[in-house]
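Pasting the structures in now, so scroll down.
In the two complexes below, subunit A is the common chain; its partner is subunit B in one and subunit C in the other.
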Partner chain A sequence: MAEITTVPFGPQHPVLPEPVHLDLELKDEKVVRAIPSIGYVHRGLEKLVEKRDFKQFTFVAERVCGICSFGHGWGYVKAVEGLMGIEVPRRASYLRTLWHELSRVHSHLLWLGLAADAMGFESLFMTAWRLRETVLDLFEETTGGRVIFSVCKVGGVRRDLTGAMRTEMEEKLKGMRKEFRAMSDVFLHDGTIQSRLAGIGVLSLQDARDFGCLGPMARASGLPLDYRCADDEGAYKDLHFRPVTEQAGDCLARVKVRLEEIEQSVGLILGCLENLPDGPVEVPVKGFPPAGEYFTRVEQPRGEAVYYVKGNGTRNLERFRLRTPTNGNLPGLVKILQGCDLADVPNIILTIDPCISCCER
Partner chain B sequence: MSYLTFMKQALGNLFKKPATSPYPLQPKIFQEGVRGHVENDSSRCILCGMCMRTCPAGAITVDRKTGTWRLDPFSCVQCAACVENCPKKCLSMKPEYTAPALKKEAVELQVALPAASQKPALAGRSPAPAAPAAAASAGAMGSQIVNDVSRCICCGMCQRNCPAGAITVDLRERTWRIDLASCVNCDTCITNCPRKCLSLGSYEGNPEEVTLRVPRPKVGKAPAQKGAPDA
Partner chain C sequence: MAFETKSPWLIHYDGSSCNGCDIEVLACLTPLFDVERFGIVNTGNPKQADIFLVTGGVNAQNLPVVRQIYDEMAEPKVVVAVGTCACSGGVFRECYNMMGGMDKAIPVDVFVPGCAARPEAIIDGVVKGLALLDEKHRNLKASKTYGVSEDDPRTIGGVRE
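Then we have the complex of A and B:
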C-alpha cells in the first residue's frame, strides 16, 4: 500500500491568477484529500464602510474584485437603495443590466483564455483575450474605465449612452459574436481539449445541491440556480431570461455553460440596446440611509453574491457584508478534487473560476 | 471529436493586422470621456475643500492657510467624484493617463484667492452679535454671505447645499445661522437660494458666527417690507 504524500499547491502557481493554497494528499498519483486555505489577499474592505460615507463606499465596493467590479458596485447600491426606499429610473436599470452583462462577457472570455492557458493551448488563450479586448474597448468608451467602471451610483448611473455609442456597440458586438463562434467551435470539438476536460472533475446534481454550489458550477451539474430569473430590478424579466444548464457536471460541461452564457449575454445586451427606455438615468438622493437592515443579491459571472447593509441614520453605514460565489464553490471544489489525478488538479481548480480577492475582500 | 480545429484560425492570423499597437512608437489614442487624470483650473478654484471631503481615497489635500491644492496622483483612483462635486467646476477629468514616474511626486498648485475672499484674521469672538443691519450693506460687495431676511422663507436649501456645513436653518425658531469661520465662500448657497435672498456682503466687526431672526410672513398681506428684520 502506497504512503500518503502531501503536495502543496499554490498560493503561487502558474495556473492560478489569484492566491489560494491547497494541501493535496496523494496516494500515488491520485488525490485522496484536498485541504484549502485562504487568507492571502484579505484587505478589510468591509470594515472600511465605517470610515467612508455611503456614497463614497460605492467606489470601494467596486474594488472588491477587478473582474466582477460592476456587479459589486450594483449589489452595494441596490442594497442602499433598498434601505433608503429609492426607486431607480427604468433607463438606469437597463443600463445597469447592459453593463453587468458586458462584464459577464469580459469575465467569461478572460476565464476561457485562462482555461486554455492552463491546458497549454497558448494560441487559443490569445484568441480569447483578443476578443475580450473588444469588450474592454466598449467599456472604455461607454463608462470611461476599462476594468473599474465607477458608473453605478446610489440613485442610478453616472453616464448615459448616446445614440452613436449604441450603434457602435451593436456593430462591435455582432462582429465579436462571429469571431466568438469560431473560437467556441475549438473549445467544443477539439480533440486535445476534449481529452483534458471531458469526464474530469465530475460533480453530481446531488453534490452540487448538498455543497451549496453556485453559478456556472451548479448550472453545469443541472441545477438551474440563477438569481437573474428572480431579479426584479434589472431588465431580465422584460428580456425573458432563462438560465443555461448542462447535465454532465464535468469540466467540459462547465466550459460549455460559460460559452453558452457569453452568447446569451450578448443577446441580452442587444435586447437592452433595442428596448432602452427613454427618461432620466438617476434620481436625486436626499438624506442618509435610515436605521435598518437590507439584503439583496446579484448574479455575478461566478454565481450569486449576497449583499447586506445595516444603516444607523448617519452618513456612514454601520455594517456591509458580502458573501461571494467563490465562498460557496470551494466546498464543491474540495469534493471534486477527491480521486482525481494530480495532473488534472490545475484544470479542475480553474473550472470553478476561483476569484479569491472577492472571496476574501 | 476532431484535431487541428484551430488551424484555420491560426493560418488566418498570419494574414491579419496585429491586434496590438507598437507602443511607444505609436502613442495610445485616448477616447473622449476616459477617466485618465484630474486637472484643476487654479484660476477658478476657491479652495472650498469639497474635493478633499468627497475623495474616497483621500488623495486631495486643500490648505486654505497656505493657499495650496495638492493631489497625490498615486493615491487617486480616477473615480471622478471630486469633479462631480466641485461647486466651481474648476476640476476636470482628462483622458490621458498619468505618465510613469521614478519618484512619487504630488501635484501641488498655488491658488491665489481674490483679496476680498481672504478670511479676515479672527482675533477673537466678537462680543456682540453682528448687527443685522449688515445685510443692508450687501450692495457693497464683500466676501461674506449675507441674508436679506425679509425675503427668506427658511426653506433650508442653503443648509442642504452648503459643502462646508456652515449654515444652519431652524424653521421652528425661525433663525438662520452662518458659521463664518467654516464658510468657504463657494457661493453654492447663493446659486441654490430659491428666493434669491442670499448675497455677498460683509458684517461689521468680523464676527465668527452670525444668527439672524427671520420674520414670519404676514398672511394675506403684501410681502414684508425690505430691510426691517426684527432681530
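Then we have the complex of A and C:
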C-alpha cells in the first residue's frame, strides 16, 4: 500500500491566473483528498460600503472582479434601485442586458483560451484570445473601457448606443460568430482534446444539487439552474431565454455548455440590438437609500451571484453582502478532484472556471 | 546590451488584484499585442524569470508569497508593478485587509498606472524595465561579487572562496 504524499498546488502556478492553494493528498498518482485554502485575494471591500457614498460604491462593486465586472456593477445598482424603488427605463435595461451578455462572451472566450492553455494547446489559446479582442473592441467603442467599464449607475446607464455603433456591433459579432464556429469545431472534434476532457472529473446530477453547484458547472451535470429564466429586469423575458444544459457532467460537458452559451449570448445581443426600445437611458436619483433591506440576483458567467444591501437612510449603506458562484462551486471541485489523476488536476480546476477574486472579494 | 534584454522572460503573480490587470497582462501575450515578437516569454518558474510582473496590492496572506517569488528570482531582476492597486492600493486602499501597494513588500522598479492598466501601458512598463535590467546587469558584472551576495559567509573580500 502506497504512502500518502502531499503535493502543494498554487498559489503561484503556471495554469492559475489567480492565486488559490490546494493541498493534494496523493496515493501514487491518484488524488485521495484535496484541501483548498483561500484568502490570497481577500481585500474586504464589502466593508468599504461604510466609507463610500452609495453612488460611488458602484465603482468599487465593479472591481470585485475584472472579468465579470459589468455583472457585479449591475447586481449592486439593481439592489440599490430595488431598495430605493427606482424604475429603470426599458432602454437602459436592454443596454444592461446587452453589455452583460457581451461580458459573458468575453469571459467564456477567455476561459476557453485558458482551458486550452492548461491542456498545452497553445495555438487554440491564441485563437480564443484573438476572437476575444473583437469583443473588447466593441466594449471600448460603446463604453470606453476594455475590461472595467463603469457604465452602469444607480438609475440607468451612463452611455447610449448610436445607430452607427449598432450596425457595427451587429457586423462584428456576426463575423466573430463565424470564426468562433470554426474554433468551436476544434474543441468538439479534436482527438487530443477529447482524450484530455471526456470522462474526466465527472460530477453527477445528485452531487451538483447536494453541493450547491451553480452556473455552467451545474448545467453541465443536467441541472437547469439559470437565474436569467426568472429575471424580470433585463430583456431575457422578451427574448425567450432558455438555459443550456448537458448531461454528462464531465470536463467536456462543461466546455460544451460554455461553447453553446457563447452562441446563445451572441443571439441574445443581436436580439437586444434588434428590439432596442427608444427612450431615455437614465432617470434622476434623488435622496438616499431608505432604511430597509433588499436582496437580488444576477446570472454571472460563472453562475448565480446574490447581492444584499441594507440601508439606514444616510448616504452610506449599512451593509453590502455578495455571494459569488465560485464560492458555491468550490465544494463540488473538492468532490470531483477525489480519485482523479494528478495530471488531470489543472484541467479539472480550470473547468469549474474559478474566479478567486470574486470568491474572496 | 545584456543578453537578458534581448529575450526577457517574465513571471506574473496576482497579488490581490481584481483580475482586470491580470487579464490585460495575458492579453499582451496574445495575437493582438503579441509581446513574443520581442522575445518576451511568460514563464511559471521564478528561477527562469528576469521580470516580475505583479498586479494588485499586498495583504498579510500574499506578502510571504510575493517575497518568496522575488527571492527565488536570480539577479539581475526587475519588478514591474502593474495597475493602480499595485502602485498604491488603488480603490481598495482603505479596505481593512490591504497593506498598500507592492512597494510595501518588495522593491519595485517600474510603476504602471491604470485601472485596469492597458496592454500598451504594460508593454511600455516592461520596455522601461528592460533598460533597468541592462543597467543592473552591467553593475553586477562590474562588481566582483558576480552572482554571490556580499554577506554570504563564504565570500571573502568580494571573491567566493
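The working rule: the second predicted complex is superposed on the first by the 361 of 361 C-alpha atoms of A that agree within 3 Å, B and C clash if a C-alpha of one lies under 4 Å from a C-alpha of the other, contacts with A are read in each partner's own complex, and residues count from 1 in each chain.
Here is the rule we go by: a contact is a pair of C-beta atoms (placed from the backbone, for glycine too) under 8 Å apart; a residue touches a chain by one contact, two chains touch by 3 or more.
Predicted, not measured: the structure shown is a model, and the values here were computed from it.
Of the two partner chains, neither subunit B nor subunit C is touched by A:347.
Once the two complexes are laid over each other on the shared chain, residue contacts for A:158 go to subunit B alone; subunit C is not touched. In the superposition on chain A, A:97 makes contact with neither subunit B nor subunit C.
With both structures placed on the common chain, the touch criterion links A:17 to subunit C but leaves subunit B unconnected.
Applying the stated contact rule after C-alpha superposition, one finds that A:296 touches neither subunit B nor subunit C. Looking at the shared chain after the overlay, A:64 reaches subunit C, while subunit B stays out of its contact range. Of the two partners subunit B and subunit C, more residues of subunit A are touched by C. By the touch criterion stated above, A:133 is placed in contact with subunit B and with subunit C alike. In the superposition on chain A, A:148 makes contact with both subunit B and subunit C.
When the two complexes are laid over each other on chain A, subunit A has residues 59-60, 63, 130, 133, 148 in contact with both subunit B and subunit C. Subunit A contributes residues 11-14, 17-19, 39-45, 47-48, 51, 59-60, 63-67, 69, 110, 113, 125-126, 129-130, 132-133, 136, 146-148, 355, 357 to its touches with subunit C in the complex.
Residues 1-3, 5-6, 8-10, 13, 19, 31, 33-35, 54, 56-57, 77-81, 84, 93, 160 of subunit B are the ones that touch subunit A when the two sit in their complex.
By the touch rule above, subunit A contacts subunit B in their complex via residues 52, 55-57, 59-60, 63, 121, 123-124, 127, 130, 133, 140-141, 144-145, 148, 150, 158-159, 182-183, 185-186, 189-192, 194, 286. On the side of subunit C, the complex with subunit A involves touching residues 12-24, 26-27, 30-32, 43-46, 56-57, 59, 61-62, 65, 69, 91-92, 94-98, 115-116, 118.
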